[in-house]
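Two complexes follow with subunit A in common, the first pairing it with subunit B and the second with subunit C.
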Partner chain A sequence: MHTWRQRIRPEQIRELSLIGLIVIALLIFGWQIENFLSARTFNRITSSVAIVGMVAIGQTLVVLTRNIDLSVGSIVGFTAYFVGSQLAANPGLPPVAAIVLAVLTGGALGLVNGLIVAYGRVPAIITTLGTLAIYRMLLINYANARTITVDSLPSWVVELSRQTLFAIGDFAVRPLFAITIAAMVVFQFVLAYTVFGRRLYAIGSNPEAARFAGLPAQRTVLAAFVLCGMLAGMAGFLFLARFGNITAVAGQGIELESVAAVVVGGVNTFGGSGTVLGALLGAFLIDLLGQGLLRWLGISEFWRDALLGLLILLAVASDSVILGWLRRVWAAPALRAEVSNER
Partner chain B sequence: MNAKLRRLLSWEGLLLAIFVLVAAVNANLAPAYLSLNNQINLFQLSIEKIIVALVMTFIIINGEIDLSVASVMGLAACIVAVLFDRGAPMELAIVVALLAGALCGAFNGFWVAYVGLPSLAVTLAGMIGFRGVARILIEDRSIGGFPAWFTALGQQPLLGPFPLSLILFALLFALALVVLQYSGVGRLVYVIGHNAAVARYSGVDVPRLKLGLFIASGLVAALAGVLLAARLGAVRGNTADGFELDIITMVLLGGVSIFGGTGNLAGVGLSILVILNLRNGMSLLNVTGNVQTGVVGMLLILSVLLPNLAQMARERWQRRAVQRKEVQTGVETSVSS
Partner chain C sequence: MQVAPVLEMRDISRRFGSTQALAGVSLRLYPGEVHALLGENGAGKSTLIKIMTGVHQPDSGQILLDGRPVRIGSTLEAQRLGIAAIYQEPLMYPDLNVAENIFIAHAGRGPLVDWGKMYREAEAILNQLDVRLDVRQPARGLSVAAQQTVEIAKALSLQVRVLIMDEPTAALSAHEVEQLFAIVRRLRAQGVAILFISHRLEEVFDIADRITVFRDGRLISSAPRADVTVEQAIRDMAGRSVEQLFPRRHTVRDEVLVQVRDLGRQGAFHGVSFEVRAGEVLGFAGLVGARRTDVGLALFGIAPADHGTITIAGQTVRITNPRQAMRHGIAYVSEDRRGLGLSLPMSIAANITLPTLRRYLNPLGLLRRQTELATAEEFRRRLAIRAPSVEVEVGKLSGGNQQKVMLSKWLNTRPRLLILDEPTRGIDVGAKAEVHQMIDDLAAEGIAIILISSDLPEVLAMSDRVLVMREGRQMGIFTRHEATQERVLAAAMGQRDAVETARWAVSEG
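Moving on to the complex of A and B:
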């Protein structure tokens, strides 16, 4: 009896419903807009999701522990500029070294956040609001009003955003998107099956209980921030590869886009539930609706932010209302059994 | 320790000391610093932010946060500009902008107070969405050329050397001080921020108060946005962009806990003085705006980090002292037995 209830948790329905929403949006846009389901649209959405999605994966790790990282936009900008200028100065730098440099730079900035939050006991929102400004200040001083241009970069970097890794029909998968998908798969596995991953959930859903159970809360939160920084650093490299021209304002606003993706993707802002797959689907849905609605309704680019704000609100509201309802439905048989036992 | 000394060592005492230090350094750097004009100018440059910081103090003490204030400021400024551009009388445009601000606040407040969504998520959506509405209205234009009386109100002195916005700030500060520290409503703001569940079981209408605070936040932010439009003389889509960082910094540096329930307006007033004078001093030294923002960010982190570190050091020291005593008494008892 009710075995399907034991196999599927309410939280998993959320991911299924996201996929459902994406499919419905694709069907409507494909039906209403001429040439919407084309390789061009796919390419446009995947290359933008590659960057925001990579940041959103890191953001998920942090949000799961009931924290938030608002400095990721500055980390993306700083790494993109820093790695770009290193590549411009030493064009012979091998690709692996450039990627490692980006990840380490991001990780170092994330380490600072993590130390202050986990060991200095400063609330994450205060810490990362501060480092958001501080990292940007470092970047502006470092950049000194210079711009990194496509011409100054080695050709392999810029090629990354144009190459086709493999194609399914007309739909070409670019390396940037593939890297983000790979990161998502790895972290989906880490969160579901490793001790570290389960600790993130435990600490986020009940910090007190996690501490009493003897979990190394400080170390785990620190690790979440370091990983978030590393992923933001990786996103910085993707940013460099995609745009090529980098100024000191690069990556501004990505922190909000990543939080939006995480929230729409069903990660609870109070920690403890959600997945990186959900966050990536959230990023995908936001971009799809952004692209589709603008073309369908024939409205200007200026509507984008207003729609995004509305979408985030709807996601949070429906998440809270629907999930509460689903949990009651799931809990009902157990409750009924308990009541009949007592009788 | 007598009460006076303890007061001096409190958070407000520390802020006062920092303020005196900053003021002394500034006065040494530039003799013009102490002139009345520079003092008024120093307030005037951030007057819109400090007006919003007053109502943000209420919100954060209440245990919530409003990230959307800067967007509401921008939206109000855009509404004034666009209505004026379309030929509406300025007075009507201002009233509509203020109403729109109150409506934005009511929108936030509804979801937070009556649906029970986290204010961080709701006002994040508001921050993006209200800015989006402003962009729909103004697109990529820059609208200026307001009537002379409007820009004069924003830029010229009104009473003696004081411009309108500074007078408004003084009045609002007095009002906020009375309401928050000396009225029943103010007590409720603290009680709810400290423990909303207890407040609810004590028969407090928590949702109504929260809704009221968010409406006030939207209204005051809109007022600040209109003042900003008057002072700048031109409005664009990104007017007031990023102001929420400075505003929240002012409140948190003032000793208000991000978790709600503690803090007071005296602390926020002092932190406003510290930040404005620090920025003024850095401007006198030709430090650029970005570095100033970075320094304020550092100050924000340190303002929470340093007391925490001191507290941790004290705890560790006390624990060690207790352990030492235990070891000693342990030795004594073993000797005596």
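Moving on to the complex of A and C:
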């Protein structure tokens, strides 16, 4: 007999409860704030989630292996500026080439992180804290106090953030958001149905057992960092398309936002469990709360960072408490089943 | 003259889950006496030490210090009562110097450190032990012997009255053992009561005034050294009750599957030679520190051998990582299920297919999850894994069922040689019997099995032949008929003639 308890696992409960929280937040804000449930709000949130979500997908891959990438903000900034300046210099560059350039640039920066972590055996938090500063310095040097402006970019880039791919009623889905959703679907699939995905979970949840099972741990961790860099590079391109005006501080703080999204999305910081769908929902919830509270309580932009910090702490604390509780509730009938099996 | 005991353990019992670790044990430690404690793995020695040092509380029984009942609630209280223990691997603060390590436990001396005074006192204590050691040297880089000396000095600085030494000589050279024994004799002369635990019989008979033997959590014998012979001590340690000898089928085939010659790894073991035939169970017996697991890890490529040859099915192979080992059909089921074996947050199915994921790819290179589940389901039935479904997280299962998942995982690699390292440690009796049945079945299928186990009756019951190791050396191989508890234990404790005796007995018979 299959009961609903057996069909749904605690991890999926995490995703369902995120959706529940998002719905509740939408209802409260919609009731309290005039014109909150509008196409404008939707557009604002999806544009922002497109960028943070893309980075959070990569961050998920890295966190699953029990590592972290703090340099993603700098990678986003560097790629956005680098690709922007190339496009400004060569307006004839085809869109596909621009995107490939962004992904490769990010991938190269991620490769450096991965090599140092996987083969140099430097803890990820130290490595990427170092490259966070170094990549930013590279950008500042490269930018040399110049700014990339919307006017210098080919029009198709800027159009990406304005076009409507398709619309549901008043709610328009922009290409930027669609790209991120597509990436999420791809990586959700990669995690569930590929050998690489399974290895990420295995290496994160028990590195020693992975070694005993003959898994190539170093290569897998390296690949996670390279992919994280590539996704951050892609996010850099989305950043360029969304804002058009790029300075040397572009993308600062995205590392915190992506870690927040991943953690709120239920990815275990000790590795081994979590999904990219969860991370994207986490990014969505965070942005929704930010936008909503901003307008409802009239809090300042600076509160947003504090809100992020608070959500991270709440998520991690509730993770151990709530998930532990959920597991017990789930385990109880399972144990009873076990006992009756034995009879 | 009648001397009163310093410490008396009276009728102490302690149970862990279904295991009775100590059952009504009484022991007296006298000042100026070295009291040796002998016993096989799991005889209850460690539990007794932990009760004496306040790590565990007894379920029943009394502890008397100077004739007065005391409660030892923590290691700190034990220290305050003058009871200290030193272990095989001393616990040092590597970045603090020798003097700081000696006085680390001293509280209530005021907030400021009087460095000059501390160095003088540390030197005085080391002098008292007749040891030359620079008290300003950091503990990092000290030899194990020197670290033990620091631990003894630390105990002395705390006015120790009962010193427990748990296998202190296991990591020492012969010369260092001599130095340690000189210190022990000096402490004895000062009136310290010493509880000395060692697997080296010659040392025990060299230093002890009294010898006590534990078995299955009970005190079997306790007598002055002069009244005990080596043979008698071994007999007392052995005689473990074997509730039910497993009726192994004879399944050994002619084909030699694995042949190992003179295998060794620097600093771990050397000179290990054996062969395993298809369908044979080769037991690995030995006491703690015999390095049996290291041989298993070398065969599996986790800690590769640096000496000797491994021949599998007639072909000499080099094994330097687990992938190579798996390619040659070797599987290793580790003793540490949680640490080395299983990914607890992952499902039963995902754990089972982890080493063999490539087998589950469809033409597009994607995992066929239905096939994975089918495999897992098959093992769940075959090994009677008790779980509501194969998608349940492994972390939720009981120890015995986790062990079965481990076995499934490695059986799924379709091994020719299966290395089982302590496959029944910490699982309940029922699950244990199932594992034994499984070993018999697997051997009947023609798999060669190496069974590493510290449970002597288990090794003897399950093995076709038994290889005995001691401190990284192979002491001998006994056939099922030769392998009695006494002989195996004597070999494991370094009584080499026991091996000869066995050979002789067989050629005579």
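Keep in mind that, in the parts below, the second predicted complex is superposed on the first by the 326 of 343 C-alpha atoms of A that agree within 3 Å, B and C clash if a C-alpha of one lies under 4 Å from a C-alpha of the other, contacts with A are read in each partner's own complex, and residues count from 1 in each chain.
In this section, a residue touches a chain if its C-beta (ideal position, glycine included) is under 8 Å from a C-beta of that chain, and two chains touch if they have at least 3 such contacts.
Only a predicted model underlies this, so the values are computations on that prediction, with no experimental measurement involved.
Contact with subunit C, but none with subunit B, is seen for A:Ser273 once the two complexes are overlaid on the shared chain. Touch counts on subunit A: comparing subunit C and subunit B, the chain ahead is B.
In the superposed model, A:Ile125 makes contact with subunit B only, not with subunit C. In the superposition on chain A, contact of A:Ser85 is made with neither subunit B nor subunit C. In the superposition on chain A, A:Arg198 makes contact with subunit C only, not with subunit B. When the two complexes are overlaid on their common chain A, residue A:Met137 makes contact with subunit B while staying clear of subunit C.
In the superposition on chain A, contact of A:Ser74 is made with neither subunit B nor subunit C. When the two complexes are superposed on chain A, none of the residues of subunit A touches both subunit B and subunit C.
Contact residues on subunit C toward subunit A in their complex (touch as defined above): 300, 302, 321-323, 325-326, 332, 334, 339-346, 350, 354-355, 357-358, 361, 365-367, 369, 386-389, 391-392, 396, 409.
If you check the complex, the residues on subunit B that touch subunit A are 65, 111, 115-118, 120-122, 124-133, 135-136, 139-140, 237, 245, 248-249, 252, 258-259, 288, 290-291, 293-298, 300-301, 304-305, 308-309, 312. Against subunit B, in their complex, subunit A makes its touches with residues 68, 116, 120-123, 125-127, 129-134, 136-138, 140-141, 256, 259-260, 263, 269-270, 300, 302-310, 312-313, 316-317, 320-321. Of all residues in subunit A, those touching subunit C in their complex are 6, 9, 192-195, 198-199, 201-202, 205-206, 208-215, 268, 272-273, 327, 331, 333-334, 337-338, 341-342.
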